[in-house]
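My questions will all concern the structure given below.
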Amino acid sequence: MQQFLNVTLTGLGQGAVYAAFALALVLIWRSTRIVNFAQGAMGMFTTYLALTLIEAGQSYWVGLVVALVAGLVLGAVIERLVIRPVEGGPELNAVIVTLGLFVALQALAAILFGSTFRSFPAPFDLRGFTVGDVNIAFTANSIYVIAAVVVVMLALVALFRFTDLGLQMRAAAFSQEVSRLLGVRVGRMLTLGWALAAVVGSLSGLLIAGGSLVFPAYMDAVIVYGFVAAVLGGLDSPGGAVVGGLTIGLLLSYVSGYLGSELVALAALATLVAVLLVRPQGLFASTAARRV
Amino acid sequence: MSTGSLEVRGLTTSYGAVVAVDEVDLVAEPGRITAVLGANGAGKTTLLRTISGLVRPSAGQVLLDGADLTRTRAEEIARAGIAHVPEGRGVITELTVEENLRLGALLGAARRRTEHGLAEVYEMFPPLAERRRQDAHVLSGGERQMLVIGRALLTGPSVLLLDEPSLGLAPRIVAQIFALLRGLVDAEGTTVLLVEQNARSALSIADAGIVLNLGRVVARDDAATLAADDALRHAYLGF
Amino acid sequence: MVQQTDRPAARPAPVRRRRFAWRPRSTLARHGLAVLLALVAVVLVLELTSPFRNSQLATMSYYAIAAAGLTVLTGLNGQISLGHGALMAVGAYTTGLLLGPEGDGTLPLPLIMLIAAGVTALVGAVVGAAAARLHGPYLAGATLALAVAVPGLAIYFDHTLGGEQGLRIASPDVPGWFDATIYFLFAHETPSAKYLAYLGWGTLLLVLLLLANLMAGRAGRVWRAVRDDEVAAELAGIRLGQVRVLAFVVSAACAGLAGAVLGVVVRLAAPSGFTIVLSLGLLTAVVVGGLGSLVGALLGSALLVFLPPAVTNLGTAAGLDGTQAAQLAPFVYGVVLILVMLLAPSGAVGVLKKVWGRRRRKR
């Protein structure tokens, strides 16, 4: 029973981060119809920037802010320079470009920051709570992780639902042409979409790194799990991304806890295949089943 | 009060080797409805899309009050005051009725033309008011036409480009919408370029018209004359 | 855009290609001739270069086999796969299981390689069937998941598959007749490295011949049709699912064969040899060379093998330490991938074709 509780709680914590990552993927998909395979590498890179500052003596929070701002800038620059030329062209081209970014960023991080495993601090206590004489694997840090994700998501919801800018971004994502006829500067909206997604990706990178080891490939698995979560929820649905993320987090935690951690990636693959065969548009797609 | 005189000089647009718009000259004046007529494939839609900047011309110019807008981006042309209601209406179905209208109002605010407000549009089009919080895809054809016209009005345009507003609508609704259009133009002095296959109805509210065939202008006159020209009507307009 | 006026069909009387009048008419014969010439070239190169170069060429051969299969899948049929590294792993592990660390398996090497190709083709059929309905990023994501999942499998079944350490694979002995022939022709010995290069390139040329004929024939036309316009292809009676799976099976067989060659060249089948970087490297080779072009796959594989040392040397010369310099190669891959997509999406072969393209009609 205790193990079940712990595995569940761990799963929820991880799931929150996958949810954030999946949300970033969905944001970009909705605005540019591209899956950003480099999202994890971007988050990894900004996390390394934070780590450099933290090891130089700055506090975690300074590192956090710097990573988020760096993510904003990185996302905007990448969209403008590298993605803009392939938007609207054959899908294959955009996929290859993001893969190229993925490889290049990972190698660059190894060159600049080294390939050795480095530990990343967690801002809050990593010891589990003890209730009576039961040790719960839920830590103060886990609360922080979930809270951070919730705050960011609420902020995004507020932006999209209640602001003029959010309305324009949504319009640009749903119908570029009509939006342009209404004076929406679609290019800027796309750049902004990527920048915001990159901020969320940076946050994911930081949250995963907290209390753990960082190395250039540490976000690789997250891309896959985040992608599966996004597909599970429906690539068009931000709410679906959240549910998908939590589901995947729980599922993978159970697999890891009860079957063995080597099978986690396989479980993710199996989930993906199952979703794509049974309900390819995801659980929450509001639009009619798209061709996947 | 927003007025704008639209001029098109020698405009040519090609899709690859196909010339869709062939050296078209056109003047559309404030306070007048100019009809653009012709059969399917005559180039009417391409003409509007070139004017509004969605498509680049290979030659020629588009001038608004003398300012050259030819190679400007579509969103900047919209901000300059040309409102294009595209073929298929251009309702953003994933947004609500109110959100669609708000988009128009945002542009109007950016252009500092806030003479029309949301309340006024709802008064003009009661069905929209009923459905203001619903997703726009629930609207019928006629309601969608009202939505996009209302949305265009909110932008405070100097020039209004309408691509086949009557398409798919019952004659009664078409008559309503056309009457509305005429009323607006008379009241506000907007310049309207009206593309229609339904030439009869279009000519009934238009002041002037041009007829396109295979991208070229084959006739240009005031509306009454065009309507009266039997040979022309039979050849190019289908009635 | 200047409008082209209609030019009257100004084709002159049919030009008789005098220069190549002796070229064989049939496609198979033409391709066979090309392969024969290539074989001669390969023999010359292998005999005249050092064992180090020989082993580099051996490496290039198995990349090229996999890349050739992948370029058919991605370029000709339009399906992107990020999981071909995992398929190579299947081929390598199969070879390892059949050949064993001492080479005392009872089966001859060519048969083992065929079995490896067959097993991988079977896996390819399963993957292809699952993937047949997927497009673009969904397919990429699914195959990426495959690439990440397969190494985990090898670790899970560590009794049979050797876990992290992997399976050791024997290096095949140089057959007597081969040694004698080479000695007879060139008075050279045939060390293991050179023999492996011959093995790899022999396999490669065979694969290229088969693929070239497939591509030029009905299968190739059907694959292209499905890539270019699915709806039209379906209306023309083509069963999309079957075609897609077939393309996957063919490319998987190639990957399996490549994995087999990799196994005997590297003498090891371990999870660390089949990372995402391998799959992405194959994709790079295919993209840079030119999607759908066998020659492009060759060029891209050459890049994969000969670029890293060159780049690493540049790196150390510029002051980077060893491990950092080693990362320069993937960095360059990534940048090259991006630049190729932005500037020359049709790859090197596409650029060359454009340059020579005056006489050729573009589709």
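Order as written gives the chain letters A, B and C; numbering starts at 1 within each chain.
Assume a contact is a pair of C-beta atoms (placed from the backbone, for glycine too) under 8 Å apart; a residue touches a chain by one contact, two chains touch by 3 or more.
Keep in mind that what you see is a predicted model, and the values were worked out from it rather than measured.
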Contacting subunit B as well as subunit C are chains A
If chain centres are mean C-alpha positions, then the most distant from subunit B is chain C
Taking the mean of all protein C-alpha atoms as the centre, the chain whose own C-alpha mean lies closest is A
Two candidates, A-C and A-B; the one with more touching C-beta pairs is A-C
Distance between the CA centroids of subunit B and subunit C (whole Å) is 55
Whole-angstrom distance, CA centroid of subunit A to CA centroid of subunit C, is 33
Chain-centre distance (mean CA atoms) for subunit A and subunit B, in whole Å, is 43
Subunit A contacts subunit C in the complex at 29, 34-35, 37, 82, 85-86, 89-93, 95-97, 99-108, 110-111, 114-115, 220-221, 223-224, 227-228, 231, 260, 262-266, 268-269, 272-273, 276-277, 280, 291-292
In the complex, the residues of subunit C that touch subunit A are 74, 78, 80, 82, 130, 133-138, 140-142, 144-146, 148-149, 152-153, 155-156, 276-277, 280, 283-284, 287, 291, 320, 323-324, 327-331, 333-338, 341-342, 345
Within their complex, subunit A touches subunit B through residues 164, 167-168, 170-171, 174-175, 177-186, 286-287
Subunit B residues touching subunit A in their complex are 52-54, 73-75, 78-79, 83-84, 86, 90-95, 99, 102-104, 106-107, 110-111, 151, 155
